[in-house]
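What follows is chain A paired twice: with chain B in the first complex and chain C in the second.
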Partner chain A sequence: MNMMNRTLSRKLLRSMCGISNPRLSFAQSAVNTVQGQKELIKSRELEKDELRPLYMDFQATTPMDPRVLDAMLPFQVNYYGNPHSRTHAYGWESESAVEKARKQVADLIGADPREIVFTSGATESNNMSIKGVARFYKAKKNHIITTQTEHKCVLDSCRIMEAEGFDVTYLPVKNNGLIDLKQLEETIRPDTSLVSIMTVNNEIGVKQPIKEIGHLCRSKNVFFHTDAAQAVGKIPVNVNDWKVDLMSISGHKIYGPKGVGALYVKRRPRVRIEPLLNGGGQERGLRSGTVPTPLAVGFGAACEIAQQELEYDYKRVTVLANRLVQKIMSEIPDVVMNGDPDQRYPGCINLSFAYVEGESLLMALKDVALSSGSACTSASLEPSYVLRAIGADEDLAHSSIRFGIGRFTTEEEVDFTVEKCIQQVKRLREMSPLWEMVQEGIDIKSIKWTQH
Partner chain B sequence: MAASTAVRAAVSFTQKFVRVSPDCSACPLYRLNLCTGATDGFTAPNRHLRTSIGVCQSADSSSPEEDERVVNVVYIDRSGQRIPVQARVGENVLYLAHKHGIELEGACEASLACSTCHVYVSSEHYEKLPEPEEREDDMLDMAPMLQENSRLGCQIILTPELDGMELTLPKVTRNFYVDGHVPKPH
Partner chain C sequence: MASCSRAQVISLYRMLMKESKQFPSYNYRTYALRRVKDGFRENLHVDNPKTLDVLLNQARENLALIKRQVSIGHLYSAQKTIVEKEPHL
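Let's turn to the complex of A and B:
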């Protein structure tokens, strides 16, 4: 295999003979280094009959529903026109497909199709809302309100706004993860332009009282943005009932394609945004750039399927989630569920196993794909800021695991996960000195640890 | 009906080629007191006008009733130059600009199909304008460099309370004239 690679690369280099000498030698040396590095780091491929791990991380991303793939394929190879081409049938058919997808997305959230703007994902939608609204109204309004448990893209956008001179308040949350409505009301000032609070949290699954927040913001004439990436298609959403002005939606969280999302922008009363992407004025001038027809069509199909199957999926996920939680909690003591037990989306369960380190449990559960905290924080070493915000102790924050249950999770998968989890937690606790001390009756909190 | 169309055609025809302000005393409609005084400058009259009389306008009139109908408006063009303009009640901001050679392009001729006549209205007068209709808002969405006090110039009809209004032209429109090209008014 390596030999083949080397000869292949030499053939490629020979075919590039047209380029000037310094570049050729550079390319050659680059290939050689890569080859050398390949031999140092052995990639871990699955063994011959080894099965892939079970997927229990539905908050990170979801597999694409085969029906969505069916809807997308014709637009990849056959109906490949640019939807903004006005002059020929390729353009017209692509445009009508995009408009159909727009209607499907709008129907899922109870909006008008003209209020949907296709973006590259919920991160872009969040950036557009926060930066766009703040910058547009900055002449008179200077204050933004958000919470401490928001997604990183919202928090980072707010930090950038702070650097630009805006005033940002990061509201704390209660121990159950919900915000305090009275505190929100007191924080709103006459110069507040935007309140941004996510509908369902991606780490602990907590569902905020969006309808009450929406009514409060409308009464105070403040724009209300919600990041509904984890909520759309999973719980019933209605932007008019909830009085939401801006809503971010993500494609790959609802069994759709990755790389597409949408932003709902209310038309009456009109919300104005300063666009992030300037250009030919596509998507109402708010997001210039060619709308990716296959992705948009897939997204629309995913939304339609989600609308039809919402109730069935919700019931099924609830049953599976209850099964998981009850089984684990009945077998092992000292397990804490993070977040409010009632105001939540059942498919996102965050459990903290005391006296067990989260990373070690994740590695022990190698047959199940899980995460501790969100995918975007997995590269950094800090424990989740969401768990810190809900007041979880440092040690509990380090030992938290997030179980995600979705449309394609089976009962057998849940049972297998539970069994493995119980087994590994017991094993790790046997090895844990802290657990020993607790069994002997020592209060861990009273210990003074010395520095080395 | 035919007579009025003929008069309108004649007057606008003359204006296109001769470029003089029309002399109302020569117009049969003025003499017959059928002139509504709705003034649009040189271009085709606003489609929403009920009687298609069109373009009767007096250059230097000094009758007392007409002083009340004078509205002073200031245009601030792209280079920052202030151009004060005297106008009449009922005049359209877009055609007023054309009449005075201000570079406000109205590509769709006031039919709410573009955003090239986008202007910033001085904040004190912004509130005095009527609420934009949905079609205007839709077109305004497409205009680059939108601000809170943005409106489409072709939809602003002057009223006495808009006296002293300042209209600033934005630096760019949706049409890309990066080469410095200035479109001629239609």
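Let's turn to the complex of A and C:
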């Protein structure tokens, strides 16, 4: 079924190039509109009495768990000392809170507290690891390996490294979003210093075989960094089992505060990093700057809660995700799920609806907060590079929507979303001349597009 | 031990549910109600008095937490979400 859709849309795309047939102006103009106009969905604030949309965008960010806020508030009100002040009670209580938080983070990933460095988020952690490791080992090692589906901050850091003279290989991914281990093994050279592959992709939810990659890298003596922002607290993570050397964690993806994250840096065998931020030598000299106590405490609390609730949340999210996908796929045809159906985190579902334009579907689903692709790429108008990397056709990539399910999602919300989605997709397809043709049984491949 | 009596457990449960219903935010409210119910159901057959003590203390702390967070929610309330059919009491 999926194969047929792919061939169909590929033929369609090819035939769409260079047509002036007015019947197809919808499809062509849809593409043109996306490329020409700045923004179809205008941003505006909600009216006072307007009902809030449902939040189904858990990959972009997550609401703070009330337990996290409760842990943070005392440090915003009364315990406001600087954790690096060594001479008074304000400093001591703040420091002990930060160390407690450090232990909570370390326990979640199976690390030692001394291996955790608090940062301002996963983006900073990613920057630190890639630039730090590459620059430190510059003398002997010059090669970095990453994938085409990484987060923008990783790709951009690698681009900067290329400008500094490093050699970067962007590994392609298979159609299901997973990397080919054999290909990775072949790409590793004697002068490779770092391999960076994310654990769970934020756009399609695919889970990479991190344990195998970690063992491979350890056997070849190459440092392995993984961006686990979407994975930590959602699937069991153990840095020692997986033989990971560096791991980036983000606070606001696990129901913690925004503006804090962590970097796990292995101590045995030691990974040396050239620090990005220089100064007073805080965080073992790796990241100078006052550690934001309330944020770190909130982050620690979020990690502890995530560890306790991991199984419960995972079961629930799986049930809800299956419900959503089954209901949608049984009611409307020509829906493709991007990414491997098994090796994935169930809470991130990326569906492509053929013959429907993504932005118009999002506009139609105005009562549900969704996104097509990731927040960091939605500013530009190109279809997501992740979908392009997994080989999705242009038009299917344009019509993709990402559904995020999290700890606070209810069955009601899923049902509402599914109902609205089915309703709007059917309505948009009714208006589509391409859909009309497909329904009439016209074989789009056999149409001869003539110029008038 | 008095703290392990069935009546105490039930009264704690009722108080937790009552407080959780007060959350102004739809998501927090539904989560709290669901989690409290599932949490108590999960530990239905715990016999060991020490474990019971620990669990009940956790429940009491959570009750205080919920009360605090409910007041914060009321202080900074926002509009209701689209799936809330009736106004919550």
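Everything below uses one rule, namely that the second predicted complex is superposed on the first by the 392 of 452 C-alpha atoms of A that agree within 3 Å, B and C clash if a C-alpha of one lies under 4 Å from a C-alpha of the other, contacts with A are read in each partner's own complex, and residues count from 1 in each chain.
The criterion applied here is as follows: a residue touches a chain if its C-beta (ideal position, glycine included) is under 8 Å from a C-beta of that chain, and two chains touch if they have at least 3 such contacts.
Only a predicted model underlies this, so the values are computations on that prediction, with no experimental measurement involved.
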Partner chain in contact with A:Arg323 - chain B first, chain C second, else both or neither: neither
Which of chain B and chain C A:Lys174 touches, first, second, both or neither: neither
Chain C versus chain B, contacts on chain A by residue: C
Touched partner set for A:Pro53, first chain B, second chain C, both or neither: second
Partner chain(s) touched by A:Asn278 [first = chain B, second = chain C, both, neither]: first
Contacts of A:His84 with chain B and chain C, given as first, second, both or neither: neither
First (chain B), second (chain C), both or neither touched by A:Glu413: second
Contacts of A:Asp367 with chain B and chain C, given as first, second, both or neither: second
First (chain B), second (chain C), both or neither touched by A:Pro66: second
Contacting residues of chain A [partner chain B, same complex]: 136-137, 139-140, 267-268, 270, 272, 274, 278, 281, 284-286
Interfacial residue positions of chain C with respect to chain A in the complex: 26-28, 30-32, 35, 38, 65-66, 68-69, 72, 78-84
Parts of chain A lying in touch with chain C, wherever the complex brings them together: 46, 48-55, 63, 66-67, 69-70, 312, 367, 407-410, 412-413, 416
Chain A partner contacts - residues on chain B that touch it in the complex: 134, 137-138, 141-144, 146-148, 174
